[in-house]
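First subunit A sits with subunit B, and in the next complex the same chain sits with subunit C.
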Partner chain A sequence: MSAATVYYLSGLAILFGINLIAIWGLDLHFGLAGINSFAFIIFQAIGAYVTAVLSLAAPQAGSFESYILGTSWPWPVALLCGALAGAVLAVPVGLIAVRRLRGDYQAMAMLVLALIANSLIGAETGWFNGPSGVEGIPAPFGNLNVSLYSYHWVFLALTAVCCLVAWWIARGISRAPLGRALRAVRDSDSAVAALGRDPNTLRMTALLAGGFLGGLSGGLLVEYVSAWSPASWLYGETFLFFTAVIVGGRGNLAGAALGTLIVPIGIVEVTRQLPQFGYPGEFDSFQWIAIGALLLAFLWFRPNGLIPERRRIFRPPSERPGGLLASRPRIRRAQSP
Partner chain B sequence: MSSAAGVGAATALLEVDGLVRHFGGVQAVADASFVVKPGTITGLIGPNGAGKSTVIDMISGRTRADRGAVRFEGRDITDHRAHQVSQRGIIRTFQTANVFGRLTVVENLLMGATAWHGERLSRALWRRSCWSATEAELVERAFSLLQRFSLEKLANEYAGSLSGGQKRLVEVMRALMAEPKMLLLDEPMAGVNPTLALSIAERLIELRDQGMTMLMVEHELRWVDKLCDPVVVMARGRVLAEGSMEELHENQQVVDAYLGG
Partner chain C sequence: MSIILFGAYSAALLAIGAVGFTMQFGVTNVLNLAYGGILTTSIFVEYYVTGHSTNLWLAMLVGAAAGAVVSFIVGFVIVGAFLRRGAGGFSIAMVTIGLGLMIQFTLEAIQGPFIYAYTSSNTTTAISISGVRLSSEQITAIGVAVAVMVVIHIVLRMTKLGLWMRATADDASLTRSCGVSPARTRAFAWLVSGAMCGICGVFLGIGVGTFSSTTGGDFFITAAAAAVIGGVGKPYGAMIGALMVGIVSQGSAAIISPAYAAISAWVILVAVLMLRPQGIFSEFASERELVA
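Let's turn to the complex of A and B:
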């Protein structure tokens, strides 16, 4: 393989990891807790903005840039704050769209939130430099004296570590009793309340954890691409994530990974290598048509996705050989009803 | 009718005192007062639209009362929300079986166990050791319940794929997993085949003999005859009468309103 190919592939792997973190976060919202999180992109956006303005220096006098903070903090701190900002954003989003609204109304409220947030950030030039956005975000390990090619491996390693953290959170939640309670909320609010749990608390927990992952993904993305503006997080991006979750299989981490490989990487990134045709932007439109068609096809013919949620099998005590390990539920692949 | 609450107050587990509820211009419950004594299966009957389910909803915190009070073990729980009421030990079932369809039967039962620390985010992430033992205990309890109801074969089926009657049983078992002080049953026999209904009835009698208190809305009078004593009759949002079924058959008002010839 030529060096250029390796460079390209490692770049794809980085984008895969960054998208995967966000899609696992969305899976916590939508797959596990059943929240119609059509505003998911704003969690990624806030993570990116916060990471950016914390790692950038204050805008220079006389430049046309203006943004808040500009504290030049070291990148790990900025990244962590970006992820935390995603979690904090879950509170207002939850209060507006999750506490009182369900189903279609919740989806509408979420979509409207995403649109308002994007217009607001674009119009308000004082916060994150308005429509032009922020740029020149310092890269992590920027003082390493390595070639551009080798640097890709460094960033890939960083992405892998972040993916591990995300996996630990998503898997920890879904296999614990908390995960079961969230799946219960997804099925019936009233029954969960009748069994002594506050459905809103459970939903907020999922929203918070998923928001954290969204923020982490955004922070990492902005450290990779080094620029972020309202055009990077139009509401359509949320559908990209949703398509990945639905194609891969909601409520299944491996499914989400497969969906990430197919949708944001396969359809969006890899097809950029194809020869462009038509007027400028026509190619992009075809990408969106492909994504929409894929989403519809799966919703119609395979709503549980390629790797459906797994059924947790419990054995009666008499059939177990005994010991702590034996109390673990065996997990079997099965279609949901 | 508020005198009923006064008389029974000393021995009542649950007191419903002058509950009122409007939905827009419709008065669903005009004035409902009655008591439920410990260890009884108290029936709540009446024609459609009498307000029985609304009363159950108000007791369980699903619907707010416009006026009136609900007291449980002498404590005012009128303003409790649904999850707070169930934390006090009142577990309800629903008119249409309300199971978690994409959870297995065992998982449904595990959700019945009182909310516990395995459902906290921090414990879920860091301390597997502190919930796995409790989880194993709960699984054991769930299987022994399944055995009692002869449903072990369905343990790992998705609850959504069960028949209507089986869903009811799952709902009752799930309620029992919570070790409630009192059960609110909203038409537990509706849509259940006669054999299964009989087995539900037997379980309910068994539970009553073990000291469980129940308030049960039921339309089929043969089950009310068999299970409930005393029985509260509601009509047009008010409590019309209260007593054993024999007494109610003597009561002309009740016969006219509901029981018929």
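Let's turn to the complex of A and C:
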């Protein structure tokens, strides 16, 4: 392989990792806890903005830029703060859209929250430099004296470490008793309430953890692409993530990873290698149409995705194989569509 | 005064859009997030068919027909097929968002991300009401909105179809057991909703003067705000909701900055969803539904 191909593939791997963290976060919201998180992109956006302004230093005198904070903290601290900002943002989002609203109303509230956040940040030029956004975010390990090619490997390693952290969080929650409780909330929150757990507390926990992953992904993304503006996080991006979760299979980490490989990487990034045509952006329109068609096809033919969630069978200790009551009918949890 | 007059004008647009949206939601129980895409489609179709003529009535007719056709295909044909296959509420919301984005980007692929402008407004005559100048198109929009509301009222109250639609919105299974075809009622709801969407689109296109493939999506959320404030599925509530949203958004545009016209409407929407998801006027509206 030529050096350029390797460079391109390592770039794809970085983008895959960054998207994967976000999609695992969304899967915690939607796949595990059943929250219609149509505002997911704002978690990624706040992570990106906070990481950016914490590492950018104050705007230079006489420049037309204006943004809050403007410290030049080292990048790991900024990245961590970005991820924490995503988690903190989950509190107001949860209070507004998760505590009382369900179904269509929740979806609508989330959608509108994402629109409000985007327009507000575009309108208030003093917060994050309005519609033009922030740019020139210093790269992690920027003082390493290496070539552009080798630097990609450095960033890929950083992405891999972040993915590992995300995997540890998402898998930990999914396998813990908390994960079981969250699946129960998704399938029947009144049953959970009847068993003495508070469904809203459980949902808020999932929202916080997913928000943290969203923020982490945003911080990492802004350190990779070094610019962020309201045009980077329109609500269509959330739809892209949702398509990835549905195509791959909700409620399991492997499904989300496969969905990430197919939708944001396969359809959005790889096809950019095809010859472009028409006016600038015409190609993107066709990509969006293809994504919409793929989503409809999956909802029609394979609503549980390529890797459906494993059917979980609950057996009390006394009913385990070899136990006293092994021949009793098992209690099965219905597969949710 | 200017806030009230311009508020009334934007309320007129919102009312047509919001009543169409809320009627369909009430009857079919489908949250149609493709409504914005239908709105934009009818603006473009109308622009191409009659864009260079100044006949507003012809434009309305073409817009309404385009909206009704697209709405029927999206709602009755495609969403209906998914419903028959047993898709749940969330899948349906995803289907309508997906269709909305596909419509938007199909338009963009055909038209480009350009901003289109009506050229026929050179005949505009301005009318001055206590110092505030409204164009004749704006006055017509208010008049048409009032007329459409009256027609909707008559259809809902005095025709069989209106009775069926109200009954289906109230209790679909009971209505079916009374021998009313639910499919026909739903089809009619999608058609009426699309036609109102188309009329709204024509006035939106002419009123703003410029439009692009994203025009409908932005306006739709504001219209949805009006519908939710009035209580989803309640046409009369949506009319009052539209008036409130229109005045508040024009007021905040004048007082804070134009960017806040939409933001304030959306904030009201979120606040209403949080505090009173059944809508501010729900008792009022449902009482009227019961009396009739």
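One rule holds for everything that comes next: the second predicted complex is superposed on the first by the 311 of 337 C-alpha atoms of A that agree within 3 Å, B and C clash if a C-alpha of one lies under 4 Å from a C-alpha of the other, contacts with A are read in each partner's own complex, and residues count from 1 in each chain.
One rule holds for everything that comes next: contacts are C-beta pairs under 8 Å (C-beta built on N, C-alpha and C of every residue); 3 or more make two chains touch, one makes a residue touch a chain.
Predicted, not measured: the structure shown is a model, and the values here were computed from it.
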Which superposed partner A:A3 touches (first subunit B, second subunit C, both, neither): neither
First, second, both or neither for A:R180, with subunit B first and subunit C second: first
Touched partner set for A:V192, first subunit B, second subunit C, both or neither: first
Which of subunit B and subunit C A:Y279 touches, first, second, both or neither: second
First (subunit B), second (subunit C), both or neither touched by A:G122: second
Partner chain(s) touched by A:P303 [first = subunit B, second = subunit C, both, neither]: second
Touched partner set for A:A61, first subunit B, second subunit C, both or neither: neither
Those residues of subunit A which subunit B touches in one complex and subunit C touches in the other: 337
Contact set on subunit C toward subunit A in their complex: 31, 33, 78, 82, 85-91, 93-95, 97-99, 101-102, 104-106, 108-109, 112-113, 221, 224-225, 228, 257, 259-260, 262-263, 266-267, 269-270, 273-274, 277
List of subunit A residues in touch with subunit C within their complex: 36, 96-97, 100-101, 103-105, 107-109, 111-113, 115-116, 119-120, 122-123, 236, 239, 242-243, 246, 278-279, 281-282, 284-286, 288-289, 291-293, 295-296, 299-300, 303, 337
Interfacial residue positions of subunit B with respect to subunit A in the complex: 60-62, 81-83, 86-87, 91-94, 98-104, 106-107, 110-112, 114-116, 118-121, 123-125, 128, 131-133, 135-136, 139-140, 142-143, 146, 152, 155-156, 158, 160-161, 174, 178
List of subunit A residues in touch with subunit B within their complex: 168-169, 172-173, 176-181, 183-184, 186-188, 190-199, 202, 205, 208-209, 309, 311-314, 316-317, 324, 327-328, 336-337
